[in-house]
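This structure is in structure tokens; I'll ask about it shortly.
By written order: A, B, C and D. Residues from 1 in each chain.
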Amino acid sequence: MQVAMIGLGRMGMNMARRLLKDGHEVVVWNRSPDKVAAMVSEGAIGAQSIEEAVHKLTGPRVIWSMLPAGNVTKHALKEILDALEPDDLVIEGGNSYWKDDQENAKPFVEKGCGYIDAGVSGGVWGLKIGYCTMVGGKDRYVRRAKPIFDSLAPPRGWKHVGPVGAGHFVKMVHNGIEYAMMEAIGEGFDLMRNGPFEHLDLGGIADLWGQGSVVRCWLLELLVLAYERDPDLSSIRGYVDDSGEGRWTVLNSVEYGVSAPVLAQSLFKRFESRQEDVYSNKVLAALRNEFGGHAVKKG
Amino acid sequence: MQVAMIGLGRMGMNMARRLLKDGHEVVVWNRSPDKVAAMVSEGAIGAQSIEEAVHKLTGPRVIWSMLPAGNVTKHALKEILDALEPDDLVIEGGNSYWKDDQENAKPFVEKGCGYIDAGVSGGVWGLKIGYCTMVGGKDRYVRRAKPIFDSLAPPRGWKHVGPVGAGHFVKMVHNGIEYAMMEAIGEGFDLMRNGPFEHLDLGGIADLWGQGSVVRCWLLELLVLAYERDPDLSSIRGYVDDSGEGRWTVLNSVEYGVSAPVLAQSLFKRFESRQEDVYSNKVLAALRNEFGGHAVKKG
Amino acid sequence: MQVAMIGLGRMGMNMARRLLKDGHEVVVWNRSPDKVAAMVSEGAIGAQSIEEAVHKLTGPRVIWSMLPAGNVTKHALKEILDALEPDDLVIEGGNSYWKDDQENAKPFVEKGCGYIDAGVSGGVWGLKIGYCTMVGGKDRYVRRAKPIFDSLAPPRGWKHVGPVGAGHFVKMVHNGIEYAMMEAIGEGFDLMRNGPFEHLDLGGIADLWGQGSVVRCWLLELLVLAYERDPDLSSIRGYVDDSGEGRWTVLNSVEYGVSAPVLAQSLFKRFESRQEDVYSNKVLAALRNEFGGHAVKKG
Amino acid sequence: MQVAMIGLGRMGMNMARRLLKDGHEVVVWNRSPDKVAAMVSEGAIGAQSIEEAVHKLTGPRVIWSMLPAGNVTKHALKEILDALEPDDLVIEGGNSYWKDDQENAKPFVEKGCGYIDAGVSGGVWGLKIGYCTMVGGKDRYVRRAKPIFDSLAPPRGWKHVGPVGAGHFVKMVHNGIEYAMMEAIGEGFDLMRNGPFEHLDLGGIADLWGQGSVVRCWLLELLVLAYERDPDLSSIRGYVDDSGEGRWTVLNSVEYGVSAPVLAQSLFKRFESRQEDVYSNKVLAALRNEFGGHAVKKG
């Protein structure tokens, strides 16, 4: 079927490729035109504006927005809305906060258009393996977009989980869990690295645990690759970014009264990983100096 | 090859079965004789004592001890030691603390025998899938036991990770990670259960995440089964046991100066899950009553 | 000076008493009139409506609002605003979220009135000891209200900390720290209660630590009183409420990228203390049953 | 009364001074003789060996050992034991692990001597304020040492809390709580430093909270001093040491099944404060690179 892909970042471009591979007619737009040209050379139809991308489709249209969450997505959705006609459908596939979806959907509904939020997981591996996709919205629109989800996801790999917002909510929780699973693995490998046995083959252990152990998971498979690249991770600094989803998961835990200590701790540890000097630790060093006369390290 | 399996609990019995299936000659002993009889009916050779089990093997012998960690294992190892001859080999496959292995190995080494510690993961699924096995000990003994490890483990599923103790150390860390991965999943599903969207299909989401998502793992596959059994987990109390490995992981983190906040928190949350009333919380309720006049709930 | 106290809850009534004791002329209003009558018998001037309370003052007026945070405060502020004249001053002394203050202040500023937010700590002991008061707002209004703050607070016990919102922000952080200090004490006393030494005199130790130790603090003094009341806290359930400030502290930590693991953990532990069965723990019990065949406790 | 002080570090020297001030006859020994000379000039009796220090006392003797915990204390105790006669008394006042006390006491008991363990808090302020002292041992020996404890501690500031080991156990828990109270304060001040309101007067707020707030405590008084010294703590690095007690508290929590998440987290945060690059964070950065193509910072 026809679909427009708005945004050709790491995710959007590969998703367009999977759609092309399955025979869909894909109109693409991106802020920097070189990526549009690249996709045109792979069989996509290029557009020079969001409006043009929409108008190159025949109604009822399906537009997939795949842009950075927040203001960029908000403005693009406004442009899309202006170009749409009633009964057209927008799928917001970026990492929007589910509460924003509930707001963003309103003018689409008022104009008689459909709004779907799709949380997409899979990273750079999605092109090959398919994208695990969590879908929120109304049944009739989800049914319409089914061929697209079928192409993007691996078998059994997409699901209509609830009304508008539910897709990104479930994806948000997915990422919260992801942070804590990564932290769990990180702490365990730290203990193996710095514990009583020297020179453990950490990459080999990551691979071993993939074979029948209780903790076998895809993250360990990736860790095997990372250790192959750099057996002591000596070229990598422990600087860990976080995206909105991890933060929103903790905010929602507090808001809904759900105890989520390891999700929160995993987020906070990332905050600290990026700070030259953690201010709370400076307070502690200052206090120890005051009561115990313990020398402080100079800043 | 010939091997004696000492202990026919949930793990030992299924391991004996996998060995029999691969054509090994398996002598079995268990404290309660009915399990010995059961295994004899499946092709094993029964023994009425540890000593008899050892003597039914031709040297150099291989004895696999698969008993509860601590004193039970310690006493069995002593009986095995007494029955062994130089160059025989014992494999301690229970959940021993790696420091105990280092102690327990000494008299075997003094007698000229081999000692291997094997950390075994896989639970009730190991019979079918194979047991992920982490092996510590000397090369020559590990080489000798190779046919046994090959039969017990899935392909690529066992590894010689280091000297005596290293096998159980790596298994210990595995379990520490397991606790925290489970806790991460638990917290995420708690938020989906009690968050803004009612009636999310949690079993379906667990299955969905198995298809191409970043968090795909075996634990989620098991959660699908759990939700099939009981869609709201309403028949299950949140009472969570812990075994030694989770505790030792935290003890070792402290001992080796490794920060392991989510491993520790996952352990502590299990402690609390088993307490009728957490005493620290009583202290808090008492304090709030004193400074704020906040009414306390009566015990 | 003249002041109206709107709201005679646990805090408001005692604050009115401290103001009367210092010779201020205090007009009081409360939703249930019996408390108004009680304060009139102690020398206050009663009012039957917020409007009447305001009008019983001579301008420029000072109105202290001391009501539950959220909608109750919002509606009362609206009534106060309607009754005020330019240059009058409202002091919001309840536990409002500092972001709400920034919103609530706007119509007052538009009408030419003053708005101060005052975070007040001290609980039931404030009547005797005085209330530690954190004040946000414009200099000229803070100067005008100085006699009131002087009467309410102990010596050196109030401070103008910043613009509108800063008072409640600093009070919010105070409460976040309070949660974690309480949790720290709770955990320590739990270990003394359930550790290796039986029958430690916990109340006596709380008192001992008040004399020259590094952890000496008012909370330990209160704990002495609690243990005098009930030496084993056996009549008290470990059910611990939380108010908005603890939650907002964690939300703000996430929002501003500040690592606050013990503040967050202290909040989450309170959540769990109030739950019959923690859902995340049910997920763990279910998983252990699936992979290890570990029996679950029935719900 | 007569007493020997073995060890004149930061704590031991000031304790000797408090004893001298109260009229006790104090024999002192230290590894480096300059400190002995200093104390002799203040009225103490110098000794050139532990044996000499013991022998300068008339029986029944009281020897206070105030040395670094671990091997130094162990060896000194052995020397003291050799020099003692039956019914003499040793007081181990260093930061020994309570389990070590239980071992160390045995040969003293066998020789008919007394053994007391005394946990001492107060830091550099103890000289002036007195040392909060937690005492473990037998009644008759504690009674004998009463004049010494009376001189060292502030009023009501020492207590016989239980048998041998209990003194250091209670002190250990004290330090565990201290870590977490410090962390709570540190996190709160971090949020005030990096939150929405710039230029908050943090030293002033620490002082304010000392006047009638729920969190008033000695640590906040010290923080006032620290901010006076350096208003932005800009000269202080967030490098925080930990001593044995904090670690033992967490080990004991695990051992006795007591949930202590904020005590543990406070310890782990100190570990991280001293690491150039936290290995677990390197694992996370590596994983994010593998699945998301997120660039890593080079080490």
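To be clear about the criterion, contacts are C-beta pairs under 8 Å (C-beta built on N, C-alpha and C of every residue); 3 or more make two chains touch, one makes a residue touch a chain.
Here's who's who by UniProt: A, B, C, D = 6-phosphogluconate dehydrogenase.
All figures in this text were calculated on a predicted structure; none of them were measured in a lab.
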Minimal step count in the chain contact network, chain B to chain C | 1
Would you kindly say which chain has the C-alpha centre located farthest from the C-alpha centre of chain A?
-> D
Interface residue overlap between copies chain A and chain D, same or different (over half shared) = same
Counting C-beta pairs in contact for A-C and for A-B, the higher total belongs to A-B
So how far apart, in whole Å, are chain A and chain B when each is placed at the average of its C-alpha atoms?
-> 34
Chain A to chain D: how many Å between their CA centres?
-> 48
Approximately how many whole Å separate the CA-defined centres of chain A and chain C?
-> 39
Among the residues of chain D, which are close enough to touch at least two other chains?
-> 123, 125, 183, 185, 187, 190, 194, 214, 218-219, 253, 257-261, 265, 269, 272, 278-280, 291
In the complex, the residues of chain C that touch chain B are 10, 123-125, 182-183, 185-187, 189-190, 193-194, 218-219, 222-223, 225-226, 229-230, 233-241, 261, 265, 269-270, 272-273, 277-294, 296-299
Residue set of chain D touching chain C in the complex reads 98, 121-123, 125-126, 129-132, 134, 153-159, 161-163, 165-166, 169-170, 173-181, 183-185, 187-188, 190-192, 194-197, 199-201, 204-205, 207-209, 211-219, 249, 252-253, 256-263, 265-266, 269
Contacts from chain A onto chain C in the complex sit at residues 214, 247, 250-251, 253-255, 257-261, 264-265, 267-269, 271-272, 275, 278-280, 291
